[in-house]
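Next come the structures, one after another.
Shared between the two complexes below is chain A, which pairs with chain B and chain C, respectively.
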Partner chain A sequence: MKAKLFDYIDRDNFVYNLSGLTKLMAFICLTFSVMFSYDIRYILFVLAVSFCFFRISEITFRQVRTMVIYVAVFLLINFLLTYLFSPQYGTQIYGTTHEIFRFNSRYTVTLEQLLYQVTKILKYASGIPLGMIFLLTTNPSEFAASLNRIGVSYKASYALALTLRYFPDMIRDYQDISLAQQSRGLDLSKKEKLSTRVKNMMNIFVPLIFTTLDRIELISNAMDLRGFGKNKKRTWYAGKPLGRNDYIAMLFSAAILAGSVCVSVFVNGSRFYNPFI
Partner chain B sequence: MKKKLFDFNTKTIVATGLGAALFIVLFMYVKIPTGIPETDIKTAYGVGAFFSALFGPIAGLLIGFIGHGLSDAILYGSPWWSWVVASALTCFITGLVYPKMKIEEGEFGKADIVRFNVYQVLANIISWVVVAPVLDIVVYAEPVNYVFTQGIVAAVCNAISAGVIGTVLLLLYSRSRSKKGSLTKE
Partner chain C sequence: MGDQNKTPVIEFKDFQFQYFSQAEPTLHDINLTIHKGEKILLVGPSGSGKSTLGHCLNGLIPFSYKGEIKGSLKIMGHETKDLDIFQISKMVGTVLQDSDGQFVGLTVGEDVAFALENDCVDLNTMKKTVQAVTDIVDMGQLLKSSPFELSGGQKQRVSFAGVMVDNVDILLFDEPLANLDPATGKTAIDLIDRVWRDQEKTVIIIEHRLEDVLYRDVDRIIVVSDGRIAADMTPDELMAADILPGLGIREPLYVTALKYAGIQVTPELHAGRLETLDTEQIREPLLAWNRAQKKQKKTEDRPVLLKADGIHFQYTKKRKILQDISFSIREGEMVSIVGTNGAGKSTLAKLICGFVKEDQGHLFYGQEDMSGWTIKERSEKIGYVMQNPNQMICKPMIYDEVALGLRIRGVPEEEIEPKVEKALKICGLSPFKKWPVSALSFGQKKRVTIASVLVLEPRILILDEPTAGQDYHHYTEIMEFLKSLNSQGVTILMITHDMHLMLEYTPHAIVISGGQKIGDSDSVEILTSEDIAAQANLKITSLYELALKTGIEDPSSFVQNFIDYERGTRRNESEAV
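Coming up: the complex of A and B.
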């Protein structure tokens, strides 16, 4: 199931060999650059770049299929709802109206609205390959180590490492408990009334949470006994020094972010690219 | 042991890590549909509120941030940052109730229930009706009425989730603890 997503498999290629820190920085820079810009040309450029990296990282489609379906549904719903709530938002942003056809006086289809919504979809779409690359090619322990290196407190980084480490366990626990309760006759399907279903859900929930609380006790005692948190700093077994490729990749992504801001400030004069004036 | 508002010891760290993992699992698997698209009653927020009340605002902040960020990343490939921030804020504000609670000592009476719920309702209103839509508009330039409708629905759903699930869990947990001074000398 989705737990497979955290099955980190080591490969030897350009993207995998970058440090977790580099990948995080690149991910943040590139997603922020598309988040900031509403210029469809620049977004297409970033989309192309992120697909290039996706190819280089040798991720197979099978690994990301579920995610792609989810994203497609989400984008479709967002597209429809945006139109339903604000069919004239494009006109409001770009200041002109080029009508194509109309359903009634409120719901008209304008070029402006189309541009706005297509741009928005591309914005989200271009962030997705980046997120997948980041999730699938980063070693969790190494990632925590590199977070600590950029100044995140090691306790917070350790919490994140624990999350990544225990997430698959938690899914297994959830499935075990859920199946055990269902075999005792708890119905979770649509056949049951909503109120009963909620009550049945609580019966899965409570054991899951109480085992988690026990586990918290166990792990924190083990860590305390080994002297965790005594000193201000700690070293990381999985930490990796930055190489030449890391610096190149970081510079490249910083340049893309700077480019996005520059295009908005100097070329368009705002976050939106306006071809209608 | 006296509780401080911003405690961050080994136990908090582990609770944060495992709490966030739990948050992700519930976020992905256990939702109760409301009939409005993109808005389910997410049981994850109930657990988020529970952990925040039990382990404090810092744990809550990180659980909301890591939990929502990672589950978005897993489901959609990329986190929806404005909502991730709102999640973190909800759990943080709910966590402010932490120093006033004595759940570890088995005490969770009517006054505590009311206090917990006041905090979580306030937290949900601030994060989902104010912060999330404003960030949506500033960061993503989403249409105004769309995000506010979404925000209000989300606030109601999450407040129900935190109120029902959070309260029930806290009650059950406090009962499983032995009360302070429950031993008598014979």
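Coming up: the complex of A and C.
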């Protein structure tokens, strides 16, 4: 169910065993390199790399199915809207016009536009598996530890980890409350009018908020009693010391970022790859 | 213990505390000294100030809960006013009541290490300490488990280990038995006892289940009532002093049995624990009392109202939750559904309410098969009350909350009012009709949720842990209220692991263990069957053990006599009022 979306499952493989810091760095480097470059060849290369890591990390399709569907819908809408609002943008960028097909004078299909839009979709498509790998293979506490290591205050990092940690609990509370309210006759199914359904949802959120507040009071007391916030720094049980693989992975992702910049500067002379001249 | 070296570790002197939000002080004139190595039990009814006293000890007062302190409280010789919560937490380790909510880490190891992390201990030392401490509480093998994989008892062990990493001298347990089934509770008391002996700690247990704590030795019992210390004596003396019943704290059942038999309880009887009880002096009077009890006639059988026939249920293919469950519940019965956590009790309730659907088998309401009924249709016959009222209440005003179910069903407002008034009256809430929910106590909120279900006039009421977290006074209040509902014709099913409740209020009990029904009969019979008790993590009642110890021939009938006698006296009391 939905609770599974952020469930961290412990596995033993190359990607899982990297430290959270490495994964965060690699995620930033690789995403930035595809966001920076508009060279479809380079983007395809990074896409291939990110799919390799996806395979290595042994994430199953079932785990990410919901996310994949949302992303696919988003990309499709994005693709259509881009064309709808700026059908000639590709021609502007690449400076040439290779027309394939024409609806009317504004809406023509050009090779340039096609290249531009495909490049753009591939950019997203290569970034998203990276994000999934990062979210699904990083233990929330270890993630907090990595954030703290790159300079985010440990209180903020811990707050984030706790949110991830309690998210499944909240969903469970929500399901319990929703059942109890349904047994009093609250109808949440599609049979009811939308306005009534929204009103009925409110009857679930109020108790949910109060139960969550109770939970927060309890957890903050428990944390106070065990010395949270005493010192300016803290150590992390879940933090992993950096190993050889971490350095290799970080160097590799830095190289990819550098490659992306180099390709733009030395090969293409701009962020765009122009096969039309 | 503690006699040789009487070093005081906690000293209250003319201590008084008043929350800023309250008009009156919660604690008055507290004078109390606890010595190194003592094991203290702190009892008192809800609202007596025992939790406030606990908060003063662990520093939550005044650091999280603000208020005014008068007098002095010294811990290990330091005045607490001069310390901060972190310094206090190095001396007093607290295991909170709700071990689920205080699980901070994502895994056992991480949670135990939490205090070490905050002290900036390096990773290697941390791992070693965590291993050593979790070994003490037998959790060393499970360092990588997440809280969802652990049972209630195991989670408590983890929080226990989490405070022991600090190597504190004083351990404070806030209602350690509240969320545990009886057998696990017994193990918890054993563990506390073991750590107290082996690690030479000072232990303070706040709990109102006196009998269960006294399963192991305690040096002194401190009784708090109305913010004052009402008694400070050894268990043997306390049992003889006869002050507990007047304060709304339940004395051990076997002590009550002695009193029913007209035995004068003296400190020399050593009634503090059943194990130490001097049976020679009590045998004759107890046997005489038992012979004098008349057998009560069984009431005639009424028609079956709810019937389950070969119910199977599973969430996933691998884990079977319920297997071949069949039972019949007759009209007007009061039934307990008992068993270990995760045995399938709650799932059974969910099936009856229609929240989930059985894979095989049938449920019948009277003669009708319920399989085609929706949740909404079922809710008109079967009401469901959750354990935590905060999870059910969604309207700010009591009246609106109770009226909600009717309004959703489109009942006209003029018909709603008399129905709501009736439900409020049954639940003793009439004076609060126009009040906001927030002004009510926990027990009163519970009644509001019951009223909001009753207003739909169900024939069956299912309650999940109706008395969880309630002291004896409120427990009796809620249960007597349910009993009166029951006598007005509502059939009541309760999911519980309170053995007293089962014994005293529900003649019929269904025991579920590992998804199967392992018992379905008289509560007395079940609570005197060692076989069923062991399988379902129940605890044999101390009455049965008392009967065995004193050589009463038919221990089960002794237990039944006790229950009948008690119901008789309680009925007389309420009639007298």
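Things to note:
Just so it is clear, the second predicted complex is superposed on the first by the 267 of 277 C-alpha atoms of A that agree within 3 Å, B and C clash if a C-alpha of one lies under 4 Å from a C-alpha of the other, contacts with A are read in each partner's own complex, and residues count from 1 in each chain.
Everything below uses one rule, namely that a residue touches a chain if its C-beta (ideal position, glycine included) is under 8 Å from a C-beta of that chain, and two chains touch if they have at least 3 such contacts.
Keep in mind that this is a model prediction, so the values were computed, not measured.
After superposition on chain A, the partners chain B and chain C are seen to fit next to each other with no clash. Once the two complexes are laid over each other on the shared chain, residue contacts for A:Lys230 go to chain C alone; chain B is not touched.
Using the contact criterion defined above for the overlaid structures, shared-chain residue A:Ser183 touches chain C, although it does not reach chain B.
In the superposed model, A:Ile219 makes contact with both chain B and chain C.
By the touch criterion defined above, A:Val206 reaches both chain B and chain C.
Residue contacts after overlaying the shared chain place A:Pro140 against chain C, while chain B stays out of touching range. Within the superposed three-chain model, A:Ile277 lies out of touch with both chain B and chain C [touch as defined at top]. In the overlay built on the shared chain, the residue A:Tyr89 is in contact with chain B alone; chain C does not reach it. Here the smallest spacing between CA atoms of chain B and those of chain C, following superposition, is 6 Å.
Common to the chain B and chain C interfaces on chain A are residues 161-162, 165, 202, 204, 206, 210, 215, 219-220, 223-224, 228-229. Chain contact summary for the complex, chain A toward chain B: residues 2, 5, 31, 35, 38, 64, 67, 70-71, 74, 77-78, 81-82, 85-86, 89, 93, 120, 123-124, 127-132, 134-135, 155-156, 158-163, 165-167, 169-171, 174, 194, 197-198, 201-202, 204-206, 208-210, 212-213, 215-217, 219-220, 223-224, 228-229, 271.
Across the interface of their complex, chain A is touched by residues 8-11, 13-22, 24-26, 28-30, 32, 37-38, 43, 47, 50, 62, 66-67, 70, 73-79, 81, 139-146, 149, 165, 168-169, 172-173, 176 of chain B.
For chain C in complex with chain A, the residues that touch the partner chain are 58-60, 63-64, 85-86, 89-90, 94, 96, 98, 101-102, 104-107, 109-110, 113-123, 126-127, 130, 144, 148, 162-163, 166, 350, 353-355, 375-376, 378-379, 383-384, 386, 388, 390-395, 404-405, 408-409, 452-453, 456. The touching residues of chain A, counted against chain C in their complex, run 8, 10, 139-141, 161-162, 165, 168, 173, 176-177, 179-187, 200, 202-204, 206-207, 210-211, 214-215, 218-231, 233-239, 241.
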